[in-house]
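Take a look at this one; I'll ask things after.
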Amino acid sequence: MARIGVFVCHCGENIGATVDCARVAEACRKIPGVAHSVDYKYMCSDPGQTLIREAIAQNKLTGVVVAACSPRMHEPTFRRVCSESGLNPYLCEMANLREHCSWVHEKSDVTTDKAIDLVAMLVEKVKRNKPLHPIKVPVTKTALVLGGGISGIQAALDIANAGHKVILVERDPSIGGHMSQLSETFPTLDCSQCILTPRMVEVAQHPNITLYTYSELESLDGFIGNFKTRIRKKARSLDEKLCTGCGLCTTKCPNKKIPSEFNTGLGMRTAIYVPFPQAVPNKPVIDREHCTYYTKGRCRVCEKVCPTQAIRFDQEDQIVEHEVGAVVVATGFTVKETDFFPEYGYGKYKDVINGLQFERILSASGPTLGEVKRPSDGRVPETVVFIACAGSRDPAKGIEYCSKICCMYTAKHAMLYKHKVHHGQAYVFYMDIRAAGKMYDEFTRRAIEEDHVQYIRGRVSRIYERNGKLIVQGADTLLNAMPVEIEADLVVLATAGVANEGAEALAQKLHVSYDSHKFFVEAHPKLRPVETNTAGVFLAGACQSPKDIPESVGQASGTAAKVAALFSMDELTREPVVAVVNRTAPPLYSTCVGCFLCQSACPYQAIEREEIKNRNGQVVKTIAKVNPGLCQGCGTCVAFCRSKSIDLQGYTHEQVYAEVMELLS
Amino acid sequence: MEALQKSAREALENHKAKVIIGYSEGSGGRMRPIFVQSPAEAEKLTWNDRCTQNLAVYIAKPEVQKLGKPALVAPLPVLRAVLQLASENQIKEGDLLVLALSDGRVTELSQFSEMEEFVAKTPTHLASKDQEAIERLEKMTPQERWQYWQSELTRCFKCYACRAACPMCYCSRCTVECNQPQWIPVPAHPLGNWEWHLMRAMHLAGRCVSCGACGDACPLDIPIHLLTMKVEADIHREFGSQAGMKVQSEHALSSFKVQDKENFII
Amino acid sequence: MTSFSNLYKPYLLRIERITEEAPGVRTFRLAFTDQQEKERFHFKAGQFGEYSVFGEGECTFCIASSPTRSDYIECTFRQMGRVTSALMNLEEGDTIGFRGPYGNVFPLEAWQGKSLLFIAGGIALPPMRCVIWNALDWRDRFKNITILYGARTVSDLVYKHELQEWQTRPDVNVVTTVDPGGETPDWKGKVGFVPTVLEKMAPSADNTIAIVCGPPVMIKFTFPVLTQLGFEPDKIYTTLENRMKCGVGKCGRCNVGKLYVCKDGPVFTYAQLKEMPAEY
Amino acid sequence: MSEFEPKIVAFVCNWCTYAGADLTGTSRIKYAPNVRIVRFPCTGRIDFMLLLKAFSQGADGIIVSGCHPNDCHYTSGNFHARRRWMAFRNLAEFMGIEVERIQFSWVSAAEGAKWADLVNSTVNRVRELGPYDAYRQMAASSWQ
Amino acid sequence: MQKRSIRRAQINVLLEKLLSLHQVIYAPQKLGNQVDFAPLRDLQDLTLDHIQTVRSAKAALFPPVEELLRYQRAGVETELQDRDLTNLAEQVLFGTRPCDAAAIAPLSAVFTTDDQDAIFARRLERTTVISVSCERSDGDCFCTSVGVGPGDSRGSDLLLTRLQDDEYLAEILTAKGEALLQLAPELFGPEPAESKEAHLAKVQKRFDWEALHDKLAGAFDHPFWLRTALACLGCGACAYVCPVCSCFDIQDEGSQKKGRRLRSWDSCGLALFTLHASGHNPRSIQSQRWRQRMMHKFSYMPDQLQQLGCVGCGRCSRACPADMNLIEQVENFLFA
């Protein structure tokens, strides 16, 4: 029989005044397997702890039950005491006589009886406890950062500056992300490029950062501290080592009429191109879809003009592999195009544009070199209507959420327009003005009060063209829904921020969960906002939900801190409360039959497949295996497994069964 | 009948299958599973309303596996059992051939996708006698239901014919055989029987293809199939999923929707 | 009215001493709690019993101590299932149940004047330990006594102290071996599987009885070696370890052919085994 | 004869309901002493077999409680548990088990008062229902 | 042995009388579409016009669950409470068919040879068997093939055979039968003139069990087993309805502090029956288990106990979910 020690704490009057602690200790002494049972005024005090230490040694205890306060309070204390006395800490359990008994019941025999039951239950549990040892997982101190927008840049720099290696992967030919497309930024109206470009350069030059642009994640396997990643380097069609970035090729390329992605289709680029002048790296890429050589088989002008013979038409995609310990997902977001809005003409009116396009129009490096000219005819618009919440907060469009940044950038747009076109009229249709943030409300007020932007609370029902003007029909809900009709020259839709195309596929590669809008889901909405449910995979920026720059940067730094904390250890130590698939003697090897229905029940993708081989090396069966690096110990798989092949250490079948049977015996 | 025999014969002759697992006329008006290994024997195959055994149960049996690739004579429940087994990683595409039966026609199916299509266009409702029996029980008072199941289940002597007849009961160690702890009492006493049958039904939740083979196998005629059928019908109604319809499907109890019903939770 | 006694009612024995033999392997020294029962109790080498932890069930092991030492009985078990796990949790002073002795015996009396060759593997030394001690206590009745014992690894060897004791005796030849890879740097015994070592030892079959206990695979390969060495099948003894519940030939579990291992065994000669279906 | 005092077993998760019950204690809110709490990491870990075991051992009522939807410490353990409860509860009802003796609930770590209410209301309801003799008799008849 | 007559109505009176003496009467009763043995509470429930009950009467002698002892623990001491056999009720098996009565002998042989199983022996001692000969049989019956017959008196204390309408021949076969007669002599009439033979079911002899026994002796490795066991699902239905099958399990129920040790039915057809703790299973596949069942009944038992393990009741054939008809199996084997 086991040799269990029971230690009943009075907690001064807290327990002692309500529960007859001496009677509890006395009753427990009679339980078979209890070798020692005492009560004491303050078990957590030094003398109390000494009492436990001595009893463990003298009575050769094989388990300890401390009947005191909530285990959520002092379990670590008493487990440490056991550990110091040479008893495995997981052989110690606490019965909650204070929060669950003395504090909630009146002093009576019934209350003491309950206390005895609670201790007896834990005694039966402890008899079946097994020594457990913290799980050690080695850590590869390299972070993979996906996405080279401001979030990814910030996270990469912070992690690199903490002394760890970073692999930064960007899908586009240059890092910079949406921020590089912006003109000025709210609420300070400083130039976006001016503040971003130095960071981009820093990334390129940082000795700890390996940059892969024009690259995408191919696969991610493994678990926290021990991921294996494969990255697809798409063929740039040139030798980056030889290319000096002189730009001759881009000027000579005969194919010049390709809508520029960077300029949101408002400007043109060549087939071999650098997306924008400050691009990092400043090396071109051949757009094989449009390049005459690839489409028609002739041209090769770039190859001829290149002074370093860097062009490589036969280059193929390359797969590079890296081992990483953590992953930061900073893949950002996108905004809806105007064709999403039937009521605003399905995108067929050239002068109905979205906010990002207007950013390019405002940008000094943009297609109009910063002059406000409308796309259709290049005229300066006299009347501009801005429509906030275009798509956002609209259940009918399937986007119930607030895109968060539009209120602010719409105010900025209207303000910048007014600064450039002083006589122009700017109208903003809005639902609410959400300007919560440092200097944010002041900013929108300035637009209204100083720059005389006209804010109309209401929705625009329709836009149509009449005599070269865009007729904007709406209603002013502050004026009893009075119909409003404005003849506009340009309409800017603050279209909803949505998840990137491919977000779902990426989430599946990363094994992170995503919401119904394909935004990635954090581990806890309040307390673990930068972690995902997959340990070691973190989030930064707008891939989680639309965010502005300061918030993205803040979250990126938060994520970097998490990664740095993870990398501060050579080994991860994890609570051994994890699920384990049983193993039995051959020829069965395990009672697991490999139905793998548990896999989808696991919130952490911790259940893997394990092939069991016999002595001759033949695979005899495939069973489930819990990766202790990923398992968090919820036990959902355990209760789910029909053949009881999985058990949860610390809450095993035998333990909980014994608790229930004892409680009612 | 001839169509079935012809398909079976062809499957053997064309080496698409090594053995046809089908039904034949047995003794005393009972049907008997038959393992046809030569084309000449195919004439013994038959099919009628008395064929209630779910032949998918034989796929996992080592002696049967040794015979080589099987072709299963498959009325709908057998076909659904095949798909459910596939979704539970117990069989792989190409492991078996199915001679699907419906409206007197025989369709040879080898790809899971074909089987899925076939199942999708065949109605899956319960037999009216089972449906009526469930409804009759549902209309009873809780006390009456308790009495009913007490008197039925107390008779059980735990021969486990229900488990043996069920294609989804393929565990190498059933929970009743787990003895650390002994979840279910081994003896066939009222409590042991009660917990066994309740557990069996729960373990088939979201997996039961409602073939009724368990009830038919019971030598004591205890209508235990109503338990699994009821659970399955509830799951279909509440969560919209049905066992044995698709290979790549989420199991009802290891998936969830945030908006799942919870009116019984306070 | 006939007087009945309950076949399934165990004796109560107290655990007097627990010896840790190997990882997961323990020996209990057990004493009767009832003096009268103790005096009535007799057993012979080769017999077994049903040991129980109340609330968990019964488990079958041989009696590992010698009938020549009658103050106690000993059993050695490896933690495998529910009952052995429960046994593992017991402490000195606890009581357990015991039914027995059951089964037939090694015919030591009939072996007088012969040499004995003991061949054991792994956790199968216990059934043999009983005979070995019995034979050693009657040392003058036998000629040469040789013990060949092998285990997977050094730590898996059980009865390490007794092995040493036997090794120091001049009248016993002890050979220990471990499977290749199971040796430690200071291992002084042989390395190799039992049948291979036996083949190299090539003990004489002349007037010798061989007693073989071990896992099925060891037995399977040892019998042919013995046969090759000239041992007649009826001079080779072994014990079978079929699953049992009742111990008295009723529950049906250990039925092999027309025999019950519990009643007609567990001791069989190779000659008998050859006549039986291989359901053990 | 004293009034019938029901035995109630509560299966609760560590992160929400157990902590909520701790808060009940810290807030010194009194409730009926009939309940015994068994602690689990998550409602997802709670095996329906344990509920059956509790009844067979003589429980008159059962509380099963965990984190509110979306609040699960493990994100989705409670969602899985909820489906399982649904299936179990329907089956139990179909077999004539008095399901009103089983109270499923969400009690968060902040709902100390709700925990007290939950226990009191369950105890009161079960007290009205009386001892669960039907189940107990079935268990007892297995012991004859 | 003496022969008397008794009328159907008087049989009921006899049973009433036994009930009033607090004897438990196991008798065939209608349960849904089946007829099964159950303790008789109301004579209305009694039925005799069936061919065979689903279950045999063996449960009355060898119950599916039997307590062997109780234990209780205090500290390190354990107290055992032996099974009290003095309070076992006197019981009557009524309406058993001659095959069921014949099954008592092999069952007793298992439980009482060498070591006597006290509980079984005591139950048997307190059991009176009133059998009723078969007037009809079905295709699953084969008693005559295994040396039993539809009017066989072995194992019965009193054998009733319906002669015509409601008149029965009552053969008083043992002292217990005599006691029944003495209990109510007025219910019995004189020996009828007619002999019973003409009123018995005609059960065709399908095979020669001695030939079967002899052939089995060398057939352990016969390919027949593998072939014919393909359909076998590995349940225990055949064993649990069988009047002779007697394999059992011993289990403890309760905690380590207090509980009881039980014996419960088990079957050699179940996969885990012979599984060793080491994981090794001497009978690892179903065909081996199926062979064991056949061998045990028709080869091992006759050799060990001089009792055939089968009385031809046909229940296994009726109960088998895969229609492993025993007669056909035997016939095929003899032919194979």
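Note that the chains take the letters A, B, C, D and E in the order they are written out, and that residue 1 is the start of every chain.
Following the convention adopted for this analysis, a contact is a pair of C-beta atoms (placed from the backbone, for glycine too) under 8 Å apart; a residue touches a chain by one contact, two chains touch by 3 or more.
Everything numeric in this text was worked out from a predicted model, so none of it was measured.
Undergrad: Comparing the two chain pairs, does A-C have more C-beta contacts than B-D, or is it the other way round?
TA: More C-beta contacts join the chains of B-D.
Undergrad: Determine, using the mean of C-alpha atoms as each chain's centre, which chain is farthest from chain A.
TA: E
Undergrad: When the centre of a chain is set as the mean of its C-alpha atoms, what distance in Å lies between chain A and chain B?
TA: Here chain A and chain B have centroids separated by 43 Å.
Undergrad: What's the distance between the Cα centroids of chain A and chain E, rounded to whole Å?
TA: That gives a centre separation of 69 Å.
Undergrad: Report, in whole Å, the distance between the mean C-alpha point of chain C and the mean C-alpha point of chain D.
TA: Roughly 51 Å, centre to centre.
Undergrad: Using mean C-alpha positions as chain centres, tell me how far chain B is from chain C in Å, no decimals.
TA: About 47 Å, centre to centre.
Undergrad: Would you mind listing the residues of chain A that make contact with two or more other chains?
TA: 1, 585, 588, 601, 640, 653, 657, 661, 665
Undergrad: Where in chain C do residues touch two or more other chains at once?
TA: Within chain C, the residues that touch at least two other chains are 57, 80-81, 94.
Undergrad: Chain B: which residues touch two or more other chains?
TA: Touching at least two other chains: 175, 180, 182-183, 185, 187, 189, 253-255.
Undergrad: Which residues, counting only chain B, touch chain E once they are in their complex?
TA: Chain B residues touching chain E: 26-28, 30-35, 53, 57-58, 61-64, 67, 155, 157-161, 163-165, 177, 182, 185-189, 213, 216-217, 219-221.
Undergrad: In the complex, go through chain D and note every residue touching chain B.
TA: 48-49, 52-53, 56, 69-70, 76, 79-80, 82-98, 103-106, 118, 134, 138-139, 141-143
Undergrad: For the complex, which residues does chain E have touching chain C?
TA: 68-69, 71, 73, 76-78, 80, 82-83, 85, 110-111, 113-119, 121-122, 125, 220, 246-252, 254-259, 261, 263, 266, 268, 273-278, 280, 282-283, 288, 292, 295-296, 299-300, 303-304
Undergrad: Which positions of chain A touch chain C when the two form their complex?
TA: 1-3, 127, 585
Undergrad: Residue numbers of chain C touching chain B in their complex, please.
TA: Residues 57, 81-82, 85 of chain C touch chain B in their complex.
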